[in-house]
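Next come two complexes built around chain A: one with chain B, the other with chain C.
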Partner chain A sequence: MINSFAFFGALETGFIFALVALGIFISFRILDFPDLTVDGSFPLGAAVAATLIIAEVSPIIATLCACFAGAGAGIVTALLNVKLKILHLLASILTMIALYSINLRIMGGPNKALLGVETLLTPLDSLSIPYYILYPLAFGILAFILLLLLVLFLKTELGLAMRATGSNPRMAKANGVNTQAMIVLGMAVSNALVALAGALFAQSQGSADVTMGVGVIVIGLASVIGGEAIFSTKNIFLWALACVIGSLLYRLVIAFALNGELLGLKAQDLNLITAVLVTLAIVAPNIKSAFKKANTA
Partner chain B sequence: MLRIKSLAMLLIGLGTLGSPFQSFASAPDKHVAITQIVEHPALDAVRKGVKDVLSESGWDAEKNLKWEYQSAQGNPATAAQIAKKFAGSNPDVIVAIATPSAQAMVASARNSNIIFSAVTDPVDAKLVKAWDQPSPKVTGVSDLTPIDKHMALVKEIVPAAKTIGIIYNPGEANAVSLVKLVNEHAPQLGMTVIEAASPKSADVQTAMRSLVGKVDAVYLPTDNTVISALEGVIKVAEQAKIPVIAGDTDSVKRGAIAALGFDYYQVGRQTGGMVVDVLNGKTPGELPVQGIENTELFVNLGAAEKMGITLDEVLIKRAQEVVE
Partner chain C sequence: MIEISALHVIFNPATPLENRALRGVDLSIPEGQFVTVIGSNGAGKSTLLNALAGEVSASSGRISLANKEIGSWPVNRRAPHIARVFQDPLMGTCEDLTIEENLALAQARTKTRGLGIAAKRQYRKHFMRKLKGLHLGLENRLSDKIGLLSGGQRQAVSLLMASLKPMKLLLLDEHTAALDPKTAAFILALTQEIIKENNLTALMVTHSMAQALAAGERTIMLHQGQLAIDVSGDERAGMTTQDLLDQFHKNHIDVDDDALLFG
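Then we have the complex of A and B:
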């Protein structure tokens, strides 16, 4: 079995990336907006938080600023799409590549170290519970609070309008919903969550690095789809919960894969396995319905 | 709900599958765990260097050493998980190659001996407080270009040099930090520095011309913009008889007089030496951070002649490669 460090470490990373999964859940599932901005807004959150913390801003304010920066990135993508009529995918790619340069500017270099600096996690080190158990616990509590807030929001009138925008924009518009404003708001919330994840990750891992956004979208998407494969539900709470669980499972699978002896599987095979899993999860419902048809015919 | 159960069973099953393999293996004496952020020829060479030195020192991965290697595939989240895994298995030494892997390891494996490698600026990366003040559990090898040695080479080839010119692209972060180091080390050898900025490859020759008549020698740091237009510099240097010394050995084949280069395999061998020290009972805190020690000297006799310099026999004998 994997050792307890690796297990709790998987939970820690899993809970941080659960915030990415929730962000992607909003863009891909609620708004039906395939958003690649996250590959840029994740390191953006890390860069803003790390730079401010090094400049001796309080870690809480630094982390909040990271969220606002992420929201800004999401708003830019949304405006490129709704105002300038650029295809959503392309709009998000444009923001993503722009953020690479912006992140370098913010940090003044490719890497900003946070080792030995006071971060959000420093107060936890003075408690008697070992850090490797306490960190995942703290991130887990945070993930569940944000999950609950998100679900409560999606049940308000505003939240329902946002869901309507994603599922049937013409109908929503006919009912007086300002769909453009909904897309801007949703993208802001989504990328704020992703940037928060980036800020927390930088603080738990000891540095912000300009390359840390690579593949965030795929990991997040794999978590969302993996979670859905377990709970196929339209209940909004369970659906969002599935994203969190999907993220934890993804990390546990990596932790197992890092235990090299397992079935000859190695960490280096993970990108391939992720791609296969995501593909399977996407095509599985089609195969299922094809089977159903065959049986009823 | 059934699906959750079956998934949990699957995970537990996978976990137990892994364990018998570990219990069958006879317990090796020592355990070295090595990780790198991504597969890359330079970083792979470092890893090979570490492993070679270990086996030469009697630590054989087939016999008395458990050698564990993980690559993060360029993914920082995976790097974090590798760090946690290593922290839990608590090896005798953890080797972390490149800055992001080293930082993740220092953040997570707080009770393990960590030797980093191929980290350009370990102080800026907050891995150690200072080069001669390693943390109790953390030390390693930096791959910072040894500018002090490069300056000494310039002085050796052109002993009369009072002023030295450098051409670089101010937009290239790496070059800017090298120029800063040149400005620190050249005055110690009695040389003043004249900078010529060249933001584009097309400006490199103009920058070189601006140095003619002002400098006794030209040093080219490893700057992609400048190196890509090296021939323009060499042409002006040959006409004006100004010796050009480069920061990388490839440039010597293209017409620079000499360069002191290093390769990452040697960086790995140096790192391996530190790993052996720790396996033999030293603590990382006793071992200061090392810079590049093993350099390779390349000289170009034809280029020296064209730039009006006669190279010392001693220098030529010391060279690993002599271009005619």
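Then we have the complex of A and C:
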């Protein structure tokens, strides 16, 4: 089993990456737009927040700026796709690659340490509850507030138009939806969430690093697909909730696999485990329905 | 009032795949007229509808709706004035959304969308009353995903969605062609009822000449991207499909194989 320290650590990271999962839920599921920008917008959020915090900007404003930067990255990808007609996957890869250079520029180097400066989390340290319980709690509350806001948005006229854009663009247009604008808006919101996660992750880890975005897309997908495989996606609230819980489960499974002595897995096996988990999550529903068929036949 | 003048649509111009789908169509439809459109495969029926809806852009020519030049408008800008039912029953609705959400989406066709809740409680009664008129029992299934419905049911809902808000033109693109005969008859009757009730200006493409003559007040036939026949009023009343074919042959002596035309 894993110790409580590793458990709370997994929850903390899980709740931060729940924001990534929600972002990927918007791009992959709502808009049907496979978006790899996130591998660049996650460290972008971290870079912007860390650089501004070190420049003594208040942590709240620094974190908000990170969100706007992420939204900008999403808008660039969306415009490459809808205006310049570049295939969505390729458009997102182009933005992701460009962001690598931009992140280096922002930080003026490959990384930025946040030691001894005030971050969003500093006020929490003065409370009497230990930080390893308080941090996951704070990130958890934030994740659920954003989840509720997102679900609420998806029920508005604009949100419904966005869902129709991803599900049946021809029909959406025939009903007066400006599908291009919907893709731009959705990608902005999606990458703003991912950049927010990056900003929070940098502040919780104490540093931003240009390589911290590598594989964020796979972790996000693991959360979304894993959550969908295990939980109900009957309505939009349950579906988004499944993504958040999927993110937590992913972290717990990873923590279990790496901390438990019985499997003999080490930190370097992380990406291998992730790939296996995503594969399992993708084929699990097929296996489940195959069993069902075999039983009824 | 719809005015189409010298409308040309050329796909893949100046390439070996060049296809002149419409070659100078002139058509004027007064308000409240129900026009049926026939023609063989490749005659340009769907292209004409797509050009009106804005999915296909004209190579040259003009399209005006209520004295507004709409030829350069994208589909979503035309949508507040033009409603549409597609041939594929799965195309007109969003299968991931519930019946109520689909109707709410159509309810917002004529307005600018904002941050108000889409499926408002006050719409629900209205939707239920409309659904009840279909006699399909859908009024109690508002929160079911529309993907659970049959093709015929979905097409009925599509039709309802198209007619939910006022429009200047209704486009029906062989919307009964993919349905079984009984369901097709039901959808056609529903279409006529809705058009009559709301006094709509409508353009209905159909493969069946009998249907084209039975429904609506005017029938046009397209052939090789041009208007071959345009009949209405007394001339059309009492016309049989044979009369229609005879007239077509009189105008186009070069075509002598009916099977080629209406196969």
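Going forward, the second predicted complex is superposed on the first by the 276 of 297 C-alpha atoms of A that agree within 3 Å, B and C clash if a C-alpha of one lies under 4 Å from a C-alpha of the other, contacts with A are read in each partner's own complex, and residues count from 1 in each chain.
As a working rule, a contact is a pair of C-beta atoms (placed from the backbone, for glycine too) under 8 Å apart; a residue touches a chain by one contact, two chains touch by 3 or more.
As the structure is a computational prediction, the values presented were derived from the model and not from experiment.
Quick one: name whichever of chain B and chain C touches more residues of chain A.
B
Is A:66 contacted by the first partner chain B, the second partner chain C, both or neither?
Touch partners of A:66: none, neither chain B nor chain C.
Can A:91 be said to touch chain B (first), chain C (second), both, or neither?
Neither: A:91 stays clear of chain B and chain C.
Please work out whether A:8 is in contact with chain B alone, chain C alone, both, or neither, and reply first, second, both or neither.
first
Considering only the touch criterion stated at the top, classify A:271 as touching first (chain B), second (chain C), both, or neither.
A:271 sits against chain B, while chain C stays out of touch.
When the two structures are overlaid on chain A, which partner does A:163 contact: first (chain B), second (chain C), both, or neither?
In the superposition, A:163 touches chain C alone.
Can you give me the overlap between the chain B contact set and the chain C contact set on chain A?
After superposing on chain A, no chain A residue contacts both chain B and chain C.
If you look only at chain A, which of its residues touch chain C in the complex?
Within the complex, chain A contacts chain C at residues 153, 155-161, 163-164, 167-168, 170-179.
Using the touch rule from the top, collect the residues of chain B that touch chain A in their complex.
Going through chain B, the ones touching chain A are 3-4, 7, 11, 14-19, 21-22, 39, 68, 70-85, 87-89, 99-100, 103-104, 106-108, 110, 124-127, 173.
For chain A, which residues count as touching chain B in their complex?
It comes out as residues 1-6, 8-10, 12-13, 17, 109-111, 113-117, 131-132, 201, 204-207, 209, 211-212, 214-215, 219, 229-230, 249, 251-256, 258-263, 267-268, 270-271.
Please give the residue numbers of chain C that touch chain A in the complex, ascending.
53, 55, 74-76, 79-80, 83-84, 86, 91-97, 101, 104-106, 108-111, 113-119, 161
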